[in-house]
């Protein structure tokens, strides 16, 4: 039992729209937790709050005991939390390898003076970074596509790349926003295998997912969100099997 | 012969300005109409130091560059923290304020009449007053600038800026400090522009506010737009082409009262045309 | 008393600036574009009116023609330039540069046709003193500027709150998040907004030069001051922009008691600096 990631009393409003209402939940270390709920329930908003892109009107988020309030996105990444985006947001004009290299932490040559006055040192560290990035790409299964520009990758490969980018930051908690949506059956298998593999390596995953089959196959725990509030939590069987929740998810009004 | 040497020297200086503007606008994606103001600050500082015999040329250049770096950092840091559009207002404000200072602070800048009699550059004790030596100096500076630019763009910094231009949010989500990268780019741009200013002052031995006004900033933008954003080639092609324009125009009979307006009109048309039909310029990448 | 005269002058200037600020804010809130070329439209109006009156046309006719042409110009800039760029998913930087280019084109066509020298309206009724007590004098044109500007402000407020188009614009301005997901930004709305903003900005565009004369490059500084007023007042707040414009103009004018006129831009910039450092969202921001 550990207070790995806790959110308490989160409130977020956009104008008249209440995106999160007294939202509280915990995520336990080493587990794959799935965040489900109908559209507009606030799932992506939660991601935005945790990663520092959105400041809640009230409430806090703590990671391993330390509050994340007011921290900038890059500080939260440094603390060990990385996210992916539903609409990918990959760097289209860069290669797959470069997409990963950019996300590697603190590199020499990332500010101009070193680039000008120590070019050889920068070139050498670049080599080791590229090797590191290749290892990560290999880990997600994209080693053969490293030199390709993003626009030449298939949708499934692009999704794997977003996970690789998240891994590159060195984060131990990964927030994945719909990693399985829009994938073919084989790509789906590949990504689910990857997620399980990451878990065995000690990563904790918080996954937003709409696909109930995916949820059932990978989740250790499910958080059901509705109207910005945690409505229920339990094992996949409990949540997916609950008729009242199904009503909300499939037939209810947001 | 003298004309070509003059053109070459000026072009070399403006390539430095092109690199500066390209770093800021093309690479970091920051809309700036205040590059000429920074150019002017560099020019006036070097002029002041040389005219009052305070230092020799190289230290003066260093001081001017350092000052311009600081200026750019001070200007971009608070503004960019808010938003890019905010910086547009800041940039206009800086440019107009600089022109006001250059024109009205007669004690420091000679006012609207400018500063005549700026001493020539000197390197390691030797005065460079021969036009061939000046060309060599400016071309040498240009080459140094190009090498520095090339090194920056090849390094992770260049890749980081490219990613920022594509998707700032994703870069922040990857744990990188976007603001610091942009401000660093602006700082470098300041160094380039300030050095260009120093060279300009000693080359012409006379400077006045009209070289550093809003119209000049628009010219610098046009150079980058026409030449091409984000590439070394674009930063060179743009200035060389646009500096040749006044010569081409002089072949057409334009009354002197509207010659300047005609030039600026062409710059405006070029800006619109390139944005509409060729945003990557002649030798660059798409803005 | 000099200060009182300065205050009166500042009221006229401020109201005119207020209209520039409000119209700019209208465009910015709705289209999210920093329409730098607005300064060009402002300048165009004055020159058009001058052209007509110096050929003997009655002032009112010249005024109306100027408004109509400016409205059309604004609409065309949106439809032919901005919309085209947006359709190609151009970045804001690209559109900004295009707008700057348009400003340069407009200002310099005017400079080429009318020369860069200052031109004056010859309207004897304009400089007649309408109110005066001792050392304070208000001319007809100054009163007209204040009246027209306040009317323009009132008209735009009514428009924003009581017409469908106005409400759409306000919705987009106050809730960009919703606007993003509901795509409440049809192209036609943008054209109307630009037409209206350009038409209204030509009101001070014509009246101010009647008082102070015409010069092709005179649009940039007022635009800068107007954008600062918009920011200080809070983006999306029409009243904020108008009130702050008057406040800035008054501060500029009063500063003449202490510092020479060439440094007025310093005052404006100083005010901007204060807001940038301490309250970048402005005083009456509609968005959090």
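Labels for the chains are A, B and C, by order of writing; each one numbers its residues from 1.
Here is the rule we go by: contacts are C-beta pairs under 8 Å (C-beta built on N, C-alpha and C of every residue); 3 or more make two chains touch, one makes a residue touch a chain.
This one's a predicted model, so the numbers in the text were calculated from it and none came from an experiment.
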*Taking contacts as defined above, which has more of them, B-C or A-B?*
B-C
*Report the chain whose mean Cα position is at the greatest distance from that of chain C.*
A
*If you average the Cα atoms of chain A and of chain C to get two centres, how far apart are those centres in Å?*
46
_Rounded to a whole Å, what is the gap between the Cα centroids of chain B and chain C?_
30
*How many angstrom between the C-alpha centroids of chain B and chain A?*
42
*Out of chain B, which residues touch more than one other chain, so two or more?*
none
*Quick one: which residues in chain A touch 2 or more of the other chains?*
none
*Parts of chain C lying in touch with chain B, wherever the complex brings them together*: 28, 34, 36, 81, 84-85, 90-98, 100-109, 111-112, 115-116, 216, 220-221, 224, 227-228, 231, 260, 262-263, 265-266, 268-269, 272, 276-277, 280
_For a test of understanding, state which residues of chain A touch chain B in their complex under the given definition._
51, 53, 72-74, 77-78, 82-83, 85, 89-94, 98, 101-103, 105, 107-112, 114-116, 119, 122, 126, 129, 165, 168-169
*asked:* Going by the contact rule set out above, which residues of chain B touch chain C in the complex?
replied: 25, 29, 31, 33, 78-79, 82, 84-86, 88-90, 92-93, 96-97, 100, 103-104, 214, 218, 221, 225, 257-258, 260-262, 264-265, 267-272, 275-276, 279, 287
*Would you tell me which residues of chain B are touching chain A in their complex?*
148, 151-152, 154-160, 162-163, 166-167, 169-178, 180-181, 184-185, 187-188
